[in-house]
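Some structures are shown below for you to check.
Each of the next two complexes has subunit A plus one more chain, namely subunit B in the first and subunit C in the second.
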Partner chain A sequence: MSNRHLFLVPKFITTPSQNGVGRYVCQLQRVVLKFCKNNGGSRGMREFIEHDLINYTKDNPGTVVYLKPRRHRGPVICAEYLNGEKQSIFCNNFSCEEIAKWLNLLLTQSGNHEGTRLRKMWHTENPSVQGPWTPYTFRDPTLNLAKFPNVDLSTPLSCPKTATEHLLELFEKQKNEKFENEKLD
Partner chain B sequence: MAALKRVQQWATFARIWHVFDASWQNPFESAELLKKYLMGLHKPIYHPMNDCGDHVIVINSLDIALPGDEWKKRVYFHHTGYPGGATWTLAWDLHKKDPTLRRYTMERLHIFPDLNVPQSLMKNVSNQIRQIRPVPKRLDAYSEKEVKEFPKIIDLPKDYILR
Partner chain C sequence: MAASLLNNLKLLTQKTAILASKTSLNAIIPGRGIKRWVAPTLRELEKRRKRMGPQQPNPRSSFLEWNYDAELYSFGKRLGEEFKTNLLQKAFTHRSYVIQRELTGNLTETFEDNSDLITEGDSVILKSIRQQYVRYPEEIVDAVCNYLMTNKMLAHVAFYLGTKDIVLTAEFPAEEETLANTFKAIVGALNRSTSEDRAHVFVSDFLICQLNGKDIYEVWDPKNPYDILKQLVGREIEPRLCNESASNTILANYQVGLYDNRQLLGIGWGESVEIAKETAAMHAIKKLYNF
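Let's turn to the complex of A and B:
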């Protein structure tokens, strides 16, 4: 069994202040695209900047995009969220489409979720319609007034008839039959 | 946590006190029954990582009934650690010495040899656990009239010696 999950922080799905209910605030505030003008590893990034970046910024006016050319260093996307979290993705040799997909992910997620493990794939504030269970739900109301220890509450519920009781019943039946026969005579 | 949710939490994890009458009950079968209450296995919220065990007060532990010849044959071993420090105590002997024995891990099990339970504990009780088997009625519990009127299968001869 792998132990990798031990270092992940277990979390529940959350939304910052009910984002998306009534209004939507994009949680991605700032993106810095770092790339090299010469290096082949940054080729996809350069292509993205050349062809798609203008459309990206026009579609998302709430996000600030910075470009940071730097010599002989790998391409990196640095994202900053509204809650102050930072996330950086090293995208060496990524194609233009791949970078567009990563940027879309950063745009749509609510924060940096790296290093976290979702404890459940769903979350609800009201897990039960009838209310959570307590020891007092479905309780027999007669117990409220009972005095403990109580003999009636202590005896087992299902007791099969013993041989002695069966014999006594037969004897009673026999006695009654005899009595009725005498009456008839 | 909101005030209402906090109260909800207290209500869900409230510890219930049960009382169990051990008279004429097999302790080995009773242990299986009481284990569920002590561990909280009877609750829908049970999880091995949450602490939801209940308290159980066992009364009349002096009158437990071991099956068969267990009183004579069951042996409890103890060694003091010194040479020759081994002792073997029979079940009846140990029961005579202390009828309220339990393991130290079962802190929520309260055993009393008779009906005398401190009022501070008894006032917490809100449920009674049913016994496993009915308590038999002994001959000395019947009145003399009932004994006389009890149907006889045969008439014993006059010179028959009753032991």
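Let's turn to the complex of A and C:
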């Protein structure tokens, strides 16, 4: 993470109000296209309104589109989502295609995600399906019938050889070798 | 270029010094961008704004770009339902709004309020929840109904349908109860506009789906799960102590399994055998109904 993320709000991926569990509802409820009728900066916006807006509204009847012409002000797209959030995009000198792309982005978003940083690209409320480990998980069932105190169960699980035992073993081996050599002679 | 400009400036300053010593800087530099009065004015405005305190939010319907008919049309389309326009408008008109209009005296058209749609929607919602959970015991269905029919839950659902701005009430912003009633009225309106089946699908898609990812015991708090399980199974259950650890200490832990005819029904933990039995019963109920 670099320093430019310091002022971003960290968030997880969420769905507003279980959207898509029953049926999917487009979260963009209304959009206001503000533009100037003569300024050159609004040219792309005017083109979009002339050529593509009718199709856009026909494809998305769930979104209310308002047009707001205003003199000598830059073109702006103001979006309002179902969760009450608002987002405005200043689109001075944007082409018709660019405006169509931005509007498509607003349609597919669930809210205003400006100034946020996703902590993870995935999120789950149930991180473990099998549940947490307990002392009883994978426990040997024979232990249920064991009587305590128990000699076998009281010994440590691993007893490595001590140095004395190791030496004794070596001595035995040496002795055996000597004995066999004498036999051969 | 720069040298000539400098010379000009020098000349100008000399001239001004000679001609009129009282002329201001703004007069000398003709194209000054931000005037001297701007900053103090803004400062004063900010001071006044702070003195006034935070402003009340304006209702969206008071904006210039607002078309109620378009909003109503989009509302139906957004949810993928075919509402009758007059019924939908009626569903959004609350009694308080009608009274307010009558008192102000600008009642141009006759408004019908949604009281009858609310009662109708209420019964439709309850019926559809009961229909959905038909194979579950009565106690669980009651708990689910109580959970889903709270004002908070219904208002949450109504808010995310986009009713907040369209609803016609006297108060602003709309209260929780008003939004909850709006949802009921919408269901009632859908019931009248299309069919009861359609209304049931609507309720299950928007209200019952709120149970997604919820544990049944977040919704339902059984008092004696062991007795309830005995009733549900209808036979005697055999509880067995499967594991225990650290007994006679403060960290004692017991694991109890409930068996019915040598079949494990459920298993649970607890700091005493009794508590472990109850948790095991809760687990068994969960397994029995596939929650």
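Here, the second predicted complex is superposed on the first by the 129 of 185 C-alpha atoms of A that agree within 3 Å, B and C clash if a C-alpha of one lies under 4 Å from a C-alpha of the other, contacts with A are read in each partner's own complex, and residues count from 1 in each chain.
Assume contacts are C-beta pairs under 8 Å (C-beta built on N, C-alpha and C of every residue); 3 or more make two chains touch, one makes a residue touch a chain.
Keep in mind it's a predicted model, so treat the numbers as computed, not measured.
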Which superposed partner A:148 touches (first subunit B, second subunit C, both, neither): first
Contacts of A:21 with subunit B and subunit C, given as first, second, both or neither: second
Which superposed partner A:135 touches (first subunit B, second subunit C, both, neither): both
Which superposed partner A:171 touches (first subunit B, second subunit C, both, neither): first
First, second, both or neither for A:182, with subunit B first and subunit C second: neither
Subunit C versus subunit B, contacts on subunit A by residue: C
Which superposed partner A:156 touches (first subunit B, second subunit C, both, neither): first
Partner chain(s) touched by A:61 [first = subunit B, second = subunit C, both, neither]: second
Overlapping contact positions on subunit A, where the subunit C interface meets the subunit B interface: 134-136
Complex contact set, residues of subunit A against subunit C: 16-19, 21-23, 25-26, 29-30, 32, 61-64, 66, 68, 80, 82-84, 125-126, 134-136, 139, 144
Complex contact set, residues of subunit C against subunit A: 60, 64-67, 70-71, 73-74, 77-80, 156-157, 159-162, 164-165, 204-206, 208-210, 212-213, 242-243, 245, 253, 255, 269
Subunit B - residues contacting subunit A, complex: 8, 11-12, 14, 16, 19, 21, 43-45, 59, 115, 122, 125-135, 151
Contacting residues of subunit A [partner subunit B, same complex]: 131-136, 143, 146, 148-150, 153-157, 159, 167-168, 171
